[in-house]
Amino acid sequence: MNDTASLRSRVHWWLERPDREAPGPRLLERALIALITLNVAAVILETVDGIYARWQGAFDLFEGISLAIFILEYVARLWSAPEDPRFRSHGRWMLSPVAIIDLLAILPALLVVLVPVDLRILRAFRLLRLLKLTRYSPALGMLLAVFEEEAGAFFAGFFILMVMLVLAASGAWLVEHQAQPETFGSIPAAMWWAVATLTTVGYGDVTPVTVAGKVFGAVITVLGIGMAALPAGILASGLNEQLHRRRSNMQAQFRAALADGFICDAEEREIEALRRSLGLSPGVALQIRQEVEAELHARMGRCPSCGRAVPEPWES
Amino acid sequence: MNDTASLRSRVHWWLERPDREAPGPRLLERALIALITLNVAAVILETVDGIYARWQGAFDLFEGISLAIFILEYVARLWSAPEDPRFRSHGRWMLSPVAIIDLLAILPALLVVLVPVDLRILRAFRLLRLLKLTRYSPALGMLLAVFEEEAGAFFAGFFILMVMLVLAASGAWLVEHQAQPETFGSIPAAMWWAVATLTTVGYGDVTPVTVAGKVFGAVITVLGIGMAALPAGILASGLNEQLHRRRSNMQAQFRAALADGFICDAEEREIEALRRSLGLSPGVALQIRQEVEAELHARMGRCPSCGRAVPEPWES
Amino acid sequence: MNDTASLRSRVHWWLERPDREAPGPRLLERALIALITLNVAAVILETVDGIYARWQGAFDLFEGISLAIFILEYVARLWSAPEDPRFRSHGRWMLSPVAIIDLLAILPALLVVLVPVDLRILRAFRLLRLLKLTRYSPALGMLLAVFEEEAGAFFAGFFILMVMLVLAASGAWLVEHQAQPETFGSIPAAMWWAVATLTTVGYGDVTPVTVAGKVFGAVITVLGIGMAALPAGILASGLNEQLHRRRSNMQAQFRAALADGFICDAEEREIEALRRSLGLSPGVALQIRQEVEAELHARMGRCPSCGRAVPEPWES
Amino acid sequence: MNDTASLRSRVHWWLERPDREAPGPRLLERALIALITLNVAAVILETVDGIYARWQGAFDLFEGISLAIFILEYVARLWSAPEDPRFRSHGRWMLSPVAIIDLLAILPALLVVLVPVDLRILRAFRLLRLLKLTRYSPALGMLLAVFEEEAGAFFAGFFILMVMLVLAASGAWLVEHQAQPETFGSIPAAMWWAVATLTTVGYGDVTPVTVAGKVFGAVITVLGIGMAALPAGILASGLNEQLHRRRSNMQAQFRAALADGFICDAEEREIEALRRSLGLSPGVALQIRQEVEAELHARMGRCPSCGRAVPEPWES
């Protein structure tokens, strides 16, 4: 029993990398990332008839091997989940987002054994394996944090966009449905034009042709594009805010550590740990440090009234 | 008379939710939101000939019931308006924006009884009921605040956009009106191309074909898209500014409450009230609190010269 | 001579409004703005053949009257220019941007008497009168300030855009010139596609058709749109920065005035003057004032360690 | 030997401009910039058949002279590289980015002597000379700094864009491949539509035609455009951040220099050097200086409790 526990702890160490610097788990992680990327590439290429006809055997073999590895990975992660202090039990791990993504990556391929489905359609669902990459991207966590924080603004942005779309489609239907009954014949039909216009995609497959339609289209476009760009703007400025806050977090740490004039070893380790958890590059951290040092030097190093250098507080 | 006053106060309590936590009015509000959404969906679907032909009876019945409810709602709100300290009288409520929207939601359907109008056109005006949703969106208030605050910048942005549109249309007319007399034959006609180009919609139904037209079009596009994006940029950054200010407002409250080292019950209630009035999520509030605590801890907890922990000021 | 000087000073007072509140010059300014707007509308409508054929006499009369007024305005401004402490002499005023715009507004119509030109083309140049509106827009001054401040960033943005355009056009020419010799036959021809793509206008009149062309087009589009949006982004964030700075300028003024606990009449007048010169609305100014007051109250009104209210400093 | 060393130092002084104010090297730099620009213009014009046929001799001569100058420049820079304290040796200079760009500018034209290649294709590679301009643009350095700093956010933005593109293309292929087998027949084929849609280019050469395709297209467009604009938004706000930081850097310098109430000559020189290294215009620097002075005046010049002017600290 002790052996099993020790094996489970070992599997967990290999898969979840609590010690991020260990070379073995690091290699395993990179291999899994490569496998996922290759899987996505394979699914995309399989839809090209010429390529699939020629390499069918290789594709099927690769899919078989990939599926086996992903099943093995899922089982191993499930089994070793109780080692993780965040989950403790198998059930709680199975309900976590990453576990559901892992399950979605293998389920469609397993279902085909039980239910006969069109293989072409099944293939597209194998693309869900792409989502397995989210586990390895620290920056995605930042994006999710932005979504959570700015949820109210996002909801407002999308609500306004919806109102604009409904008003644009209704107006266009009103002025164009007699001239173009096939493309503006109903509000849902006119919605296709409204989406293409307000998002500024502008395919041009459907455009107003009457004078009233063009005037209405021009006015709604000028007024509406600002609205349609709202969610994008909120997302971008929220992300910027996040980056800014992470940086000032780092700055505060440097300032606290430098308050006594130098950074001791323990402080150095603390700063390094914070830098990693915030996902900042060493170059950025160094730049922040120099700024803080320059700022402290300017404040402490010279007498404010005569401008001459004064001895540092710890020298006196 | 006392009974009527008490009934009026009761109706007001149900409709305007002064006590936001009461379950009854909350349910009524949700039911009204659902009814408005269903109305909008019904109007949109009615314009699809196949659907309307088949379900005409159901649509007409639903419209009749909805209209009755909206009339009842309008009368009830009008009658109970004097209960609201913001209005005091029936007349002042009738002139408020939300009351006008409520009236617009029922007026077109009532007019049809008096004046014979094309029912298809009338239908589109029933979409104005969509605006009734603005009453329930706290985030829209923020957007309106942004519009008010940045009014000067918006006006400048739209003025510049208008100048750009006139110059682009005139230039295109000048160089293209001989080659394409039907689409660039006058400045108003060329305006359709100018709007589609400067907003980057770019339908492609009208494009310059002469060399001079293409050169002019390329130059005006490169110079102009920055201008056309101005109102959108002002809106997005204004919204960001608003969010930022609400957050620092919350931060100031936490800092004031934490100045003595802990948050007492009265302060906790004040903070909660502020959080709700600003529309921030509990998660964001918690995060701000932790940041303020960390900041205070860093400032108070350790001696700036030796780095060792010092006793808190209220402990000495 | 004294009479002439006094008349000149009077003309200057009517035209340049040193006393912004006087009702007479204010009315004259509005009349001139209306005249310019009507002129622009007339020029636009004249290009529509049907309208011009029917109302030719009215258009010509209106143009004659407008031209006379603009000439009179130019002469009056030129004559009274020495009254303005910014110019002092006629020559310096004639070289100022507003004077050049005023001259451009009348010159084309005067030239037609001397040189026989196509009247249709001349008409377009009358649109330069639109620029006369810049004199009356305080927000445009802000935009010009942004251009001046961010000149370095703008230059960088446009340089990068130019490099992207040249690279995109050259690449597209390389892979597509054999398949579509008429639209991608030379780099200048391919530039039309590059501009439409990188600015995201995307007319669709010219698109790559070969596989290599589509792959190159997709890659350059994904990489390039960020670059093309740079000048727009710099402009929007620069404008935001300007607004922000004007607001904190106002805030500093309030803080200085409130430092002694109340705002005296002289301070009130200073603040009002600053508010006008910054172009902030009274509502925004009130909001800033309340924020500063709340902040001061929070800092001064309560003891930081016990949380109880303390007497204000000027009460003790 | 001493002569050679002195000549090498002289060549380095002419080419790398350690003394930025010397008129000779400044003129040489401008001549090289003009030569690069003319080269790019020549390559672009040569691809127009009519122009090339007529001026072939002049183009070939210009190319020969340019190539000779660029080879000479490369050799001179290589030879004088050890003078530069950043490189010290020939080898390290050859591996620096600017040296690689310089090599790419001459290599294709040299290769043609050894290997027979299509001259038209070779011509496009001569456009790489455009990149030689990066040496002279200080603003590009700022952009590269933004790329380096926001690398994590960029990677996240591009990863999300890739995921969106793959999901959009797969979904479109799923619902449209039967209706339009030639344009949505495989996921790579559908990718062309996905790129044109999510970047909002929207050529319109390929659009969904089925109802399911239009519904999917509309939903993915509304959700996706915010994602596609992420890299552009990160770039613009990162650039803004950089500008902001440079300005506050300048501000800190002014504040430090003004701490004793006036700016002495040595401080003036320091500030001027900082202004140049940050690439700020003299106008912006002056504005920052006035702001800092106003701020200090407000803080020092009047007593915070009585509002009366107090003597400056160095007067007492």
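Order of writing sets the labels: A, B, C and D. Residues in every chain begin at 1.
By definition in this document, a contact is a pair of C-beta atoms (placed from the backbone, for glycine too) under 8 Å apart; a residue touches a chain by one contact, two chains touch by 3 or more.
Everything numeric here is computed off the predicted structure, so don't read it as measured data.
Q: Expressed in ° and rounded to a multiple of 5, what is the rotation angle of the C-alpha superposition of chain C on chain D?
A: Here the rotation carrying chain C onto chain D measures out at 90 degrees.
Q: Taking each chain's centre as the mean of its C-alpha atoms, give the chain farthest from chain C.
A: A
Q: Check the residue numbers that chain A and chain D use where they touch, and answer same if over half are used by both copies, otherwise different.
A: Looking at both copies, the contact residues mostly diverge.
Q: Once you find the CA centre of chain A and the CA centre of chain D, what distance in Å lies between them?
A: Going by mean C-alpha positions, chain A sits 27 Å from chain D.
Q: Any idea how many Å lie between the Cα centroids of chain A and chain C?
A: Roughly 38 Å, centre to centre.
Q: If you look at chain A, which of its residues touch at least two other chains?
A: 196, 200-204, 229, 232-233, 236-237
Q: Over in the complex, which chain D residues touch chain C? Could you list them?
A: 40, 43-45, 47-49, 121, 124, 127, 130-131, 133, 137-140, 142-143, 161, 165, 191-192, 195-196, 199-205, 228-229, 231-233, 235-237, 239-240, 243-244, 279-281, 283-284, 287, 294-295, 298, 302, 304-307
Q: Touching residues of chain A toward chain B in the complex: what are they?
A: 148-153, 155-156, 159-160, 163, 166-167, 169-171, 173-174, 177, 185-189, 196-197, 200-204, 207, 214, 217-218, 221-222, 225-227, 229-230, 232-234, 236-238, 241, 252, 256, 259-261, 264, 267, 313-314
Q: Using the touch rule from the top, collect the residues of chain D that touch chain B in their complex.
A: Per the touch definition, chain D meets chain B at residues 200-204.
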